[in-house]
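Each of the two complexes below includes subunit A, the first together with subunit B, the second together with subunit C.
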Partner chain A sequence: MTTYIIRRLIMMIPILFGISVISFAIMYAAPGKPTVMDLDPDISVEAREAQMERLGLNDPPHIQYINWMSNVVKGDFGTSFTKKQPVRDMIADRLPNTLILMIFSTILAVIIAIPFGVLSATKQYSKLDYGVTITSFLGLATPNFWLGLMLIMLFSVQLGWTPVGGVSTLGGEFNLLDRLHHLILPAIVLATADMAGLTRYTRSSMLEVINQDYIRTARAKGFREKTVIYKHGLRNALIPIITIFGLMLPTFIGGSVIVEQLFSWPGIGHLFISATFERDYPVIMAITMFGAVLTVIGNLIADILYAVLDPRIEY
Partner chain B sequence: MKTKKSLLVLLSMIFALSLFLVACGGEDTATDTQDESSTPSDNNDGDTTEEATPGEPQYGGDLVLGTSGEPVIFNANYHQDSASADITDLVFAGLMQSNENLEVVPNMAVDQPEISEDGLEWTYTLREGILFHDGEEVTAEDVVFTYEIFLHEDYTGPRAGSFTALEKVEALNDYEIKFTLNEPDARFATLMSYGILPYHILGDIPIADLEDYREFNIENPIGSGPFVFESWTPGQNIKLTAFEDYFDGRPYVDTVTFRIASDANALVLLLETGDIDHMIAPTTELATIETYDHVNLSNVLALRYDYIGWNLDRPLFEDVRVRQALTMAIDRQEIVETVMEGNAEVAHAPVSPLSWAYNDNVPTFDYDPEGAVALLEEAGWTPGDDGILQKDGERLSFTILSNSGNVVRRDIGIITQQYLGQIGVEVKAEQMEWGAFLDQINPPNFDFDAIVMAWGLALDPDPSAIWHSKEIENGLNRSAYRNDRVDEIADANTKILDQAERAAALAEVWEILAEEQPYTYLFYPEQFVAMSKDVHGFTHHPRVDMYKVHEWWLDR
Partner chain C sequence: MSTLLEVKNLKTHFFSKNKVFPVVDGLDFNVKKGETLAIVGESGSGKSITSLSIMGLVPKPGGKTVAGEIIFDGTDLLSLSENEMYKVRGNDIAMIFQEPMTSLNPVLTIGEQITEVLIYHKKISKKEARQRAVDLLKIVGFARAEEILDDYPHRLSGGMRQRVMIAMAMSCDPKLLIADEPTTALDVTVQAQILELMKDLSHKFDSSIILITHDLGVVAELADRVLVMYAGQVVEESEIVQLFDNPLHPYTQGLLGSVPKINEEQERLSSIGGNVPSPDNFPKGCRFSTRCPHVMEKCIENQPDLIEVYPGRKSRCFLHEEGDS
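Now for the complex of A and B:
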C-alpha cells in the first residue's frame, strides 16, 4: 500500500507538469493581452511598453513558461498583473470562503441524497421511487444560475428572508448565525446538482447490493429488515459512493464559479472569472494548477479509499 | 403589478446571466480611467443635477456604496482603475479639483495659481493648517514630494507621459510651491488634483520601491481627504470613517462602506433590498430601477461619445463620400430614441458638449437615405445583380464588430445592419469577447472593417492621442486617420495657454473631423446614479463618482 501511494505520488509530477504546459499554452494562445485590457488615452505607449517589459510579457512564450515554472517550484506563484498582489495571498484570502461553501453544500447533499437514494432503492418502482427519480433528474437538469436567480428572487427579494449575497452582514462582528444565514442559499444551489447525482448513485449501488446472495442469507437468518438494509446493505453500497467523493474534489473549484458570481461570494471561482476576463496570467495559472492538483489528489484518495473499504481490493 | 415588474426583472436577469459566460466587463472599460485631472472652463452648459435637499443637513449615519470593481492600489500616482480612484478620491486631497462644471477650482490651494508671463512658472499657495489623518500638517514639502515622484527616473507608474513639460518643482516656503515648465503646456492645470502624499511617511522609501510599498498603498494609506481608510476585505468591502479634522469641515456621515458585488445585476438586487444606498446605474438597468419607490435616479451628460469607427486602411472606406453616405444612411436620432431610450444626444464631432472646446458649428450628416444613395453613386457605387452596391467588381460588404455582453453595442450593430441594408450595403454584425476584441482591433492586428465603441474623454480636449497620425502605428488612432492639418493643430494646441484662442484652434480640428467622418459619431450618452431617497446633498459630477461625498448626508 505504502509503495503504491509513493508510486502514485511520484507519478503526479509528470502529470502536473503536462497539465501546466498545456494550460499555459492554451492560455497564451487565447486572444487578448493583459496590458491592453485597460486602455487609457492618457497612458503613453512608452509607459505601456515599459509595463509589458516589467511583467516579462515581451519574452517569448517558452521563456515566460520557464520563468513561471522556476518560481512555482520555489513556491512563488507570482504577482497578479492587474491587482498587483501576490497570487498566493489572493488565493489564501478567498480559499476559506470557497471551502466553507463547498463543505456545507456537500454535507447538505449527503444528508439528503443518501437516505432518499436508499429509500428509492428499497421501495423500487413505488410512488416514492418515481418521485425521487423525477426530482433527481429535475435537479440534474436545472442550470445552477437559473435556480440561484429564482431562489434569490423568491427568498431574498420577495420574502426578504435571506440576504442577496455576500458572506456576512456589513459592519458586524463574526457571528455564526449570520454566516449560516448568508450561506444557506448558495449552498442549496450548489448542493442541488450533487444531490441529484448522489441520489442516483446511491439508488443504483443499493439496488445492486440488495440483490446479492449475502443479503438473502441475512434475511434467511431472520434479521430484521432494518438491520439487513442498513447494516449489511448500506455499508457495502456506500463503498462506491465514498470513492465518488474523491472524484468530486476538483469540482470544488469548477462548480463554484457560477454560484460564487451569482451570490457575490468572494471565493476562488469568483476570482477565477475576473482573472480570466482580465487575462491575469499568474492568477489563471495558479488556480488552474490548484484545480489540477485537487483532481490528481482526489483520484488518488478515491483509489486508496476503495482499497481501504473493500478488503478484496489490493494494490 | 409588483409581481409583473419582478417578473420583468427576473426575465431580464435570466437573459443577462445566460450571456454571462461569454460576457465581460467591456461596457466602459475602453474609456480612460484618469479622473483626477481637471480642466479650466468658461462654458458651463453641463446640465448638472443638484438634488433638492429638504430639511437641514444632519450628522451621522453609515453610507453604503455599491460597487462591482475591486480596487488595486490606494495611491493616485499609480492607480489605473476607477475602483482605486474612488477610494483615493475620498482618502486623499489635491491642490486643485474639477467642479461639476468641469472647471478647475482650488481644493487645498488657496486660489488659482500665479502664472508667469512666459507661462513657464506656476506658483500655488497651500492653505495653512490642513492636516493629514495622522495629525501632521500638509506642507509644501509634501506637494513637492508627490510631484517629484512623477519626474523621478525610477518612477514605475503610468503617468510620466503627462509630466514631460514639467522641469522641476520646488517649495518656496512652507506653503508656496513653484512648478517650472520647460515649455508652455495648457494641459498642466488639469494635473494639479493628484492626492498629496505624506512626505514624513514615504520620504525614506526609494521611488523604485514605492509602488510595491504595501504598508502604505494598500494597508494604511494616509491622506488629507475627508475620509480615513479603515480596512479592505478583498471581494467583500472597504471601510472608511469620517475625518474629524477635514479642512473643509467634518463629513456629515460617520462612515462610508463600499460593498463589493460581482456585477450590476447583483448590485441592482442589493439596491432593491436597501442593502446599498448608491450605485452607478447602467442604462440597461434603468427600467428596473425606476420601479423602486425608495430610489432616486440622477442623470448628467457623460464626458464621452459612442461611435462607429471605420478602418480607413481598408479600400472600402478610403473615400470620404462613402463614409459620409454611411453616416447619412443611419438614423442616429432613432438609435438614441430606441436603443438609448432617449438618454443621449446625437453627436456630430468627437468632442463633448460639456467641454469648453466644444464646437457646435460643424458639418452635420443627418438621416437622408436618398442623399446617401446619391453620394455613393457619385463615388462610383451602383447596385449589382444581387442588389448590393458594387464598384469595379467589389461589393460594398463588410463586418461591424462589437464586444459581446454589451447589449447596447450589439443592438447598434444590428440596427446599422438594417439601415445600411436598405441602401444596398451588406453588413454582418458580429460580437467578440472583450479581450479578444481588443486584441483584434488594436495594433499590431488592426483586423476589422468597422467597430462600435466609445471614448471616455479626458478633461483636457487635446485630440492628439486619438487623431494624430503618429498614434496609428502603436497608439489609439485605430481608424488610421491621417490629416496633416489635424496633426499640425494637435502638435500646436497644447502650447496655446489662452483658452479662447486654443478653443478656436481646436474648433478647426472638430470641423475637419466632422467633415471627414473617420467615425460615424453616434451620440453623447447620459450617465445615471441610483440613490436611496435617504441620501441628500449629492452633486452629480460628469467624471468623478466620489465627488464631495463629505457634503452628502443621510435622513433616516
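Now for the complex of A and C:
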C-alpha cells in the first residue's frame, strides 16, 4: 500500500508538468494583456512598454514558462501583477475560506444524498422514489447562479433570515454561530448539484446491490431490513460511489468560482475570477495548478478508499 | 416420527398488471423430524418459490402467498408478523443457496458473517460467537478454521464457500435446513463432498432437510422421501427407493428416463419433449397433458387429484384410477 501511494505520488509529477504546459499555453494564447487593466488609460506607449519589459512579458513564451517554472519548483509562485503581493500569501489568505465552504457543502451533500439515494432504491417506484428522482433532476438542471440569486432574494432580502454575503459580520469578533449563519446559503447552493448527482448514483448502485444473492442470504439469516440494507448493502453500494466522490473534489473549486462571486465569499474562486479579468498571470497559473493538484489527489484518494472498502482490491 | 413442517394448500402467486402467475398452486406436503425431503422438478416448476414461501421471503413486489398454511413446529408461519418471522429465519429455519460464489457478502470476513448470526439470534458475546464459529468451520471441514475466520470470501473456492454457507446455516442449530440446489454450481467431486457433509450434519444436529434440486443423482444420495413438482403442483410423492424402482407418474417416468445409465448402452438419451408451460398459461386439464405420452381425452378437460396409490405413495394421474399404472 505504501509503495503504491509513493509510486502514485511520483507519477503525479509528469501529469502536473503536462497540465502546467497546457494551461500556460492557453493562458498565453488568450487575448488581452495584464497592462491594459492595470494602468491609467492616459499612460504613454513607452511607459506601457517599460512595464511589459519589467514584468518579463516581452520575452518569448518558452523563456517565460521556464522562468515561471524555475520559481515554482522553489515554491515561489511569483508576485501578483495587480496586487503586488506574493501569490502564495494571497492564496494562503483565501484558502481557509474556500476549504470551509467546500468541506461544509460536501458534508451537506453526502448526509442528504446517501440516505435519500438508499431510500429511493429500497422503495423503488414508490411516491418517495419519484419525489426524490424529480427533485434530484431539478437540482441537476438548476444553474448554480440562478439558485443562489433566488435564495438570496427569498432568505436574505424578503425574509431577512440570512446575510446577503461575506464570511462574517464586519468588525465583529470571531463567532461560530455568525460564521455558520453566513455559510449556510453558499454551502446549500454549492452542494445542490453534487447532492442531486450523488443521490442518483447512490440509488442506482444500491438497486444493483439489493438484488444480489448475499442480500438474500442476509434476509435468510433473519436480519431486520435495516441491518440488511445498511450493514450488508450500503458498504457494497458505496464502492462505485467512491469514484464519483473522488471526481467531485476538484469540481468544488470550479463550482465555488460562481458561488463565491455570488455571495462575495473571499475565497480562491473569488480570487480566480478577478485575476482572470485582470490577466493576472501568476495568480491564474497558481490557482490552475492548485486545481490540478486537487484533481490528481482526488483520484488518488478514491483509489486508496477502494482498497479500504473493498477487500478484493489490493495494491 | 413426528411432523416438523406441514404445508397445506400453499398458493404463492405473482401478479403483473393484468396477469396472475400461479407459480405455486395448491401444494400439500409434510416433513418429519430428522427426515430429508427432496423436492424435484424442472426449472420453472415452482420449487424455489416454495422454499422462499416457507422462509417468508417471496420476492416483493409482485409475489405473494395468497392461501394455505405452513405449520412449523405447531405454529402457522403465515400468521406470524414480520417481527416474529425475524426470530424464525436463520434460527429455526436456515437456508443455503445455489450460488456459493455470490451468496456471501464480499466485504465482510467469513468470521463476521458467521458470528453475526450467532450474536443476533443466540445473544452470546463476540468472543463466544467466535469460538463457536471456529468449531463450526472445523465441523464443515476446515482444518485451519482460525485463519479462515479472518479471510474474505473471495479467497475461497466455490466448494469452500458452500461449506461456509453450511456452517453459517447450521450455526443456530436449526430444526429445518432448506437447501436450494446446494451443489448445482459446484464441481462433481466437490458435489459429492458437500452432499456427504450435509448427510453427516443432518444426523449430528438432528435437523430436517428440504433439498431442492433437479438432479436425481443428488436425490438418491441424500433424500428419504421425494416430492416431484410440475407446474406449481405435486405430481408424485414417494419414498426414495420405490420412486427409483417404480415411478408412478408419467412425468417422473420421463425424468428418470432422461438420466443416463452406466450399465446400459444408449444411443441417445431419452427426453421429455417440450417445456414446462408458463404459469400464466397452464393447460385447463392435467398440467402435464401437453407433454404426456399417455395423454387421454379426459386429461385435457379435467384436472386429476393427487391420490394415494399405495400407502405412502401419491400420484396425480388418471391412469391410476383405472386400477393399473
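As a working rule, the second predicted complex is superposed on the first by the 309 of 315 C-alpha atoms of A that agree within 3 Å, B and C clash if a C-alpha of one lies under 4 Å from a C-alpha of the other, contacts with A are read in each partner's own complex, and residues count from 1 in each chain.
By definition in this document, a residue touches a chain if its C-beta (ideal position, glycine included) is under 8 Å from a C-beta of that chain, and two chains touch if they have at least 3 such contacts.
Quick caveat: nothing in here was measured; it's all calculated off a predicted structure.
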Please indicate which partner A:170 is in contact with in the superposed arrangement: first for subunit B, second for subunit C, both, or neither. first
Tell me which partner A:262 touches in the superposition: subunit B (first), subunit C (second), both or neither. first
- First (subunit B), second (subunit C), both or neither touched by A:70: neither
- Task: For A:158, decide between first (touching subunit B), second (touching subunit C), both and neither.
- Result: first
Query raised in the report: In the superposed arrangement, does A:58 touch subunit B (first), subunit C (second), both or neither?
Result: neither
Given the touch rule stated above, what does A:221 touch, subunit B (first), subunit C (second), both, or neither? second
In the complex, subunit A touches subunit C at residues 125, 212-214, 216-224, 232, 235-236, 239, 309-312
As the complex stands, subunit A meets subunit B at residues 30-33, 36-48, 51, 54, 82-85, 90, 93-94, 97, 145-146, 149-150, 152-153, 156-158, 160, 163-168, 170-171, 258, 260-264, 266-267, 270-271, 274, 277-279
Within the complex, subunit A is touched by subunit C residues 55, 57, 61, 85-91, 94-95, 97, 99, 102-109, 116-117, 120-121, 152, 154, 165, 168
The residues of subunit B that touch subunit A in their complex are 6, 9-10, 13-14, 17-18, 20, 24-25, 29-30, 32-34, 37, 62, 64, 70, 72-73, 80-81, 156-162, 211-212, 218, 233-237, 239, 255, 257, 259-263, 266, 269-270, 272-273, 275, 433-436, 438-440, 442, 455, 458, 465-466, 474-476
